[in-house]
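Each of the next two complexes has chain A plus one other chain: chain B in the first, chain C in the second.
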Partner chain A sequence: MANNNILEVENLNVHFHTDEGIVRALNGVDFKVERGEAVGIVGESGCGKSVTSTSVMRLLPGVGEIAAGTIKYYDKNKKQHDIINLKADGEHMRSIRGPEMSMIFQEPMTAFSPVHTIGNQIMEKLLYHEDIDKDEARRKALELLKKVGISKPEQRIDEYPFQYSGGMRQRAMIAMGLACEPQLLIADEPTTALDVTIQAQVLKLIKKMQADYNLSLILITHDLGVIAHMVDYVNVMYLGRVVESGPVEEIFDNPAHPYTQDLLKSIPRMTGNEGKLASIEGAVPDAYSLPKGCPFHTRCRKKIGEVCERAYPERQEISADHYVNCYLHQDLGDK
Partner chain B sequence: MAKLAENEILKVDGLKKYFPITKGFFNKHVGDVKAVNDISFTLNKGETMGLVGESGCGKTTASRSILRAIDPTEGEVLFRRKNGNVVDLAELDYKKLKDVRSEIQMIFQDPFSSLNPRMSVLDIIAEPLVVQGWSKQKYKERVEELLDLVGLDKKYMTRYPHAFSGGQRQRIGIARALALEPELVVADEPVSALDVSVQAQILNLLDDLKERMDLTLLMVAHDLSVIRYVCDKVAVMYLGKLVEVAETEELYTNPKHPYTASLLTAVPEADPHMEWLGENLKGEVPDPSAEIKGCNFASRCPYAKDICENKEPELVDIGGGHWVSCHRKDEIELMGVKLK
Partner chain C sequence: MSKFIMHRLLFMVVTLVIISILSFIIIQLPPGDYLTSYITQLRSMGTDVSDEQIEYLREQYGLDDPVYVQYFKWIGNFLTGDMGFSFSWNRPVNELVWERLGLTLVISISSLLFTWIVAFPIGIYTALRQNSLSDYFFTFLSFIGVATPNFLLALVLMYVSFKYFGINVGGLFSPEYADAAWGIGKITDLLQHLWIPVVVVGTAGTAGLVRIMRANLLDELGKPYVITAKSKGIPNYKVILKYPVRIALNPFISTLGWQLPKLISGSTITAVVLSLPTTGPLLLDALKSQDMYLAGSFIMLLSVLTVIGTFISDILLALVDPRIRYV
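Up next is the complex of A and B:
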């Protein structure tokens, strides 16, 4: 069987050891990315979407620990790499981080070094990974800046991040992400800090680059509008778990998890809303003491009863490639 | 002094706020950042108006100048007080201003930094009442009432802000703003720091309060769908100027200014079946200190002609309370939001 996946994440558990106790940021995250596919991870703040991406990149901060699970990455030659068992700062991981998978961050002002020029920062990555000299690296960096639509790249390449506007910084970030031609691009809230018209420009750029470089994309965002138009497959996260996943049309047309359903009904629409917005009662529970059973039962409108508090529901396929973890979709038998 | 019509509560006329740019040892004045550059609009009693625009367009500066949180450079801000008197907020001295302030309140963006962490909920909400000289017993009752109004249990009164989530804190901020039954409430990005599910709670609450208290609300926001949900009327701002003002439904379905149209079509709607045009504006907002001779949107406008670069358009009424500032408003066909 030909495996066309580029990334497979299974049962990923990540804990943060803090002074106040252990924060269980991820409690068994499963998802996969097919080669050339755009996959979205959507959820509210604190659901673990960024932790997921930093775990895949092995860029977790010191207090974070991958407690269980597997992350398998298949490189350009379809060779399998067991990301979890690699040393985060080891030679092997470094050869993957950059030429194989690369990341663009939410806040480009803090992701770039303020004391190096944009050009030098892109060149640094090229010089580290590729066997080329400085002139060649500069030529490549220039080409990248041109490619992402930076005007006057010959002048801009020698400028510092503070001289760029927000939209341009994000473009430069994409250029840096694309240097060394990665297979998988992880974009963590790439447009959250931007205005709508600039957001539209940057999103269209990411789409174009995805096609030009035949990239696989993981897009992490809280914005359902962005998800609807940018990805093929959606993973909805709540409190460190993927609670529902499916092809984008399926998720928006036939959401199966009460959380997804409520989330979709709670957003104000440009086309106007009928009546009141649905809101999800209460707030996301404290990550130090997660509720037992289904983590959403404390806010769920459709809670069945005790059964939801007992154990976490199994993943159920309800239509082609559409999975949900909810007792509403399970045959509860005698219970 | 211009007069206010019967039902009007606020009239902003020719409001400007320039921030000087200085240079060198002697702080020589070399130019101005024209954050708010000649804006005018009126707000009727009980109406909710949205002020929308991208970052740096001057929407926050405009709202603060109206409140006199900062002193405007020029212009009039007429406000009808509870007792019926009309005052010009822009020229009142501080003593008189203090008196008027109880009738204008503000809801802030960030529920984390806008509440004092060392004050209990009771103290926070009661602060405006204490300033106005309410007795302890009286204000405690009022705070209970207010907590009930914004959907918080009164047993939380003795707790401190850290014990609350973002949405709950925003409720506390709203309760504080409503404590003195203000005539006018200015909300600066009241939901932009909140998650969608919590955002919906606060938007519903604002909508509710609007009906129940006959609130007049000026809401500053960058999110067009949020504005659409709450506001009766919308003013679109670009680089310190109003480019279009209209009733919400009219503005969204029948925009007349190219900037409004591109804002509307830039937002990806959460529906994969709907077409998303996305990118349709080139470049970025120009420097607000630059001298611009013509229309300040001309540098990015896909419809710009010679006249747009040379002559400044005026905000004119094209009927039905729809105001547009564009030379080519009658010639171009623009697309708004299609209704399902």
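Up next is the complex of A and C:
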């Protein structure tokens, strides 16, 4: 079978060099995205979801360093690009950022410049990558704003971000993300900052755009409810590692990792008869000094024993395309 | 926007009226009227002043009118450019001010340009290279610049250029050009002298501005909109100049108007040390010798410039920041 992947991330390690020491933000992240597929990355705050996506875009801040691993991207012509070995601000990487992959952010208010019009910020991208004049760029920007459901785009295009409502800003952000027709859209917590009623609209819009533009989508969120509606395949992250991954039904029906099980239990349900909201015991360990072995052993309810503290468990395929890193699913023999 | 400007204009007029009343009160404050002291001064110098002359002068200055009439006469004259008479210089105030204003503005504006041209690139550079060796170097330099008193720097520069280059850089012209007509020679001579006051006045300002620009830009560089702009594939330098630098410059653009009064009163001590024919020392003398018309006119002039400067700042702020324009 020909390789139908658009993105392959293997053994990605990212370190942050801070005054207090080295933060190992990612410790070997593996995942892939197939062409046209929607992939979710889910986990608690600080597990490395956003670091993963900014690494793929090569937008890590100055203190962040990709210490090991590979990121392979396959463009519109299926040509392979070795993202890790490109210069972050080099011409090659910048020709991928925008026309090939693009990103929408959590906080649409701060993600737009407050002193430039929405139109200016969308047109900037079009003018830079495409060989078109200002009028043509404006026409395209208007089309995009219309496409994402902004009413009176002729008037709105010359307005500033603070004149938009939160939901509209995120729509405009999606319009900007779609400019130059990328193949891969990375949405980093796109609805976290929005009202619940607006969240559904924005998610619907992303889904519609994914179908209309035949996009591959990486959706980063801590919200399992969003994951269930939006994606085909889920990667569950904990402390800089993907601990479990599988098709979305598999993950919800047969969660294999104790962490995934706990996450699912902590979704509030109206039907439940227990009065207390379930939560995961303990706190996420300090990123400066990660626990040895399986990083979840400090909070795990099903910890087997010493084996969990010794080494990180190998990846195990427990059913079709469903992988987990946990000793519970390994034949431990007489270890 | 026009509503915003009208609103500000109205406040400006009210403020100016209040300031003019205060300035007038200051002029009136010394005991007796200034004519009394003027006549005393004339008599002590042996000039004979007849009663008719006194009567004529009293009439001319309206000293027998009620205070409010005097105020209106004074402000009326002020508006037409007649700022009264300086008793210590024995000349009309406006002549004194105008002849010094040109050179004052040349020095002030050159040092402002010097400050900005030097400070902004260094500020941007040090912010982008935060905590690098060059950042520390410029930081060290700017702390010295901030901490050195202007007059001290002026003295040092004067000493050095006299001792090692044999040039006397006090004043703005060499003696042979001081009273000469304007020509290439005089302009070259002016430029030879101008750099010292510009460097002296500019140094402290530059050093301070480097620090502020660096801090402003560091605040902006981490903002999410910078990442967004980079995510569009735009080259780094374009992103930085268009977004964070633009926003970090806003406070400077919007306070440009505040420089207006400083153009006239700024760097008085430096001007005294370097014996520059600018308005600063004139103001200082007026205050020392209680030359009330001169002092009052200066206060009025500075206040007017402050108010106009603030007005310009408000408009500039609205122009550079749409969030203010549309409220």
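Assume the second predicted complex is superposed on the first by the 325 of 335 C-alpha atoms of A that agree within 3 Å, B and C clash if a C-alpha of one lies under 4 Å from a C-alpha of the other, contacts with A are read in each partner's own complex, and residues count from 1 in each chain.
What we mean here is this: contacts are C-beta pairs under 8 Å (C-beta built on N, C-alpha and C of every residue); 3 or more make two chains touch, one makes a residue touch a chain.
Small disclaimer: the values here were computed from a predicted structure and weren't measured.
J.: Given the superposition on chain A, are chain B and chain C in a clash or a fit?
T.: Here chain B and chain C can both sit on chain A without a clash.
J.: Tell me the contact category for A:256 with respect to chain B and chain C: first, second, both or neither.
T.: neither
J.: In the overlaid three-chain picture, which partner chain does A:114 touch, first (chain B) or second (chain C), both, or neither?
T.: The second partner, chain C, only.
J.: Which partner does A:324 reach: the first (chain B), the second (chain C), both, or neither?
T.: In the superposition, A:324 contacts neither chain B nor chain C.
J.: Counting only touches as set out at the top, which of chain B and chain C does A:217 meet: first, second, both, neither?
T.: neither
J.: Of chain B and chain C, which one touches more of chain A's residues?
T.: B
J.: In the superposed arrangement, which partner chain does A:204 touch: chain B (first), chain C (second), both, or neither?
T.: The first partner, chain B, only.
J.: Have a look at where A:176 lands relative to chain B and chain C in the superposition and call it first, second, both or neither.
T.: Only chain C is touched by A:176; chain B is not.
J.: How many Å separate the nearest C-alpha atoms of chain B and chain C in the overlaid structures?
T.: Scanning every C-alpha pair, the shortest chain B to chain C distance is 7 Å.
J.: What part of chain B is in contact with chain A in the complex they form?
T.: On the chain B side, the touching residues are 54-55, 165-168, 195-201, 203-204, 207, 222-226, 228-229, 249, 252, 262-264, 266-274, 276, 278-281, 284, 337-340.
J.: Looking at the complex, which residues from chain A come into contact with chain C?
T.: The touching residues are 54, 57, 59, 61, 89, 94-99, 102-103, 105, 107, 110-117, 121, 124-125, 128-129, 160, 162-163, 173, 176.
J.: Note which residues of chain A are touching chain B in the complex, please.
T.: Contacts found on chain A: 44-45, 165, 167-168, 195-201, 203-204, 222-230, 248-249, 252, 262-264, 266-273, 276-280, 283-284.
J.: Enumerate the contact residues on chain C facing chain A in the complex.
T.: Its residues touching chain A are 222-225, 227-236, 242-243, 246-247, 250, 320-323, 326.
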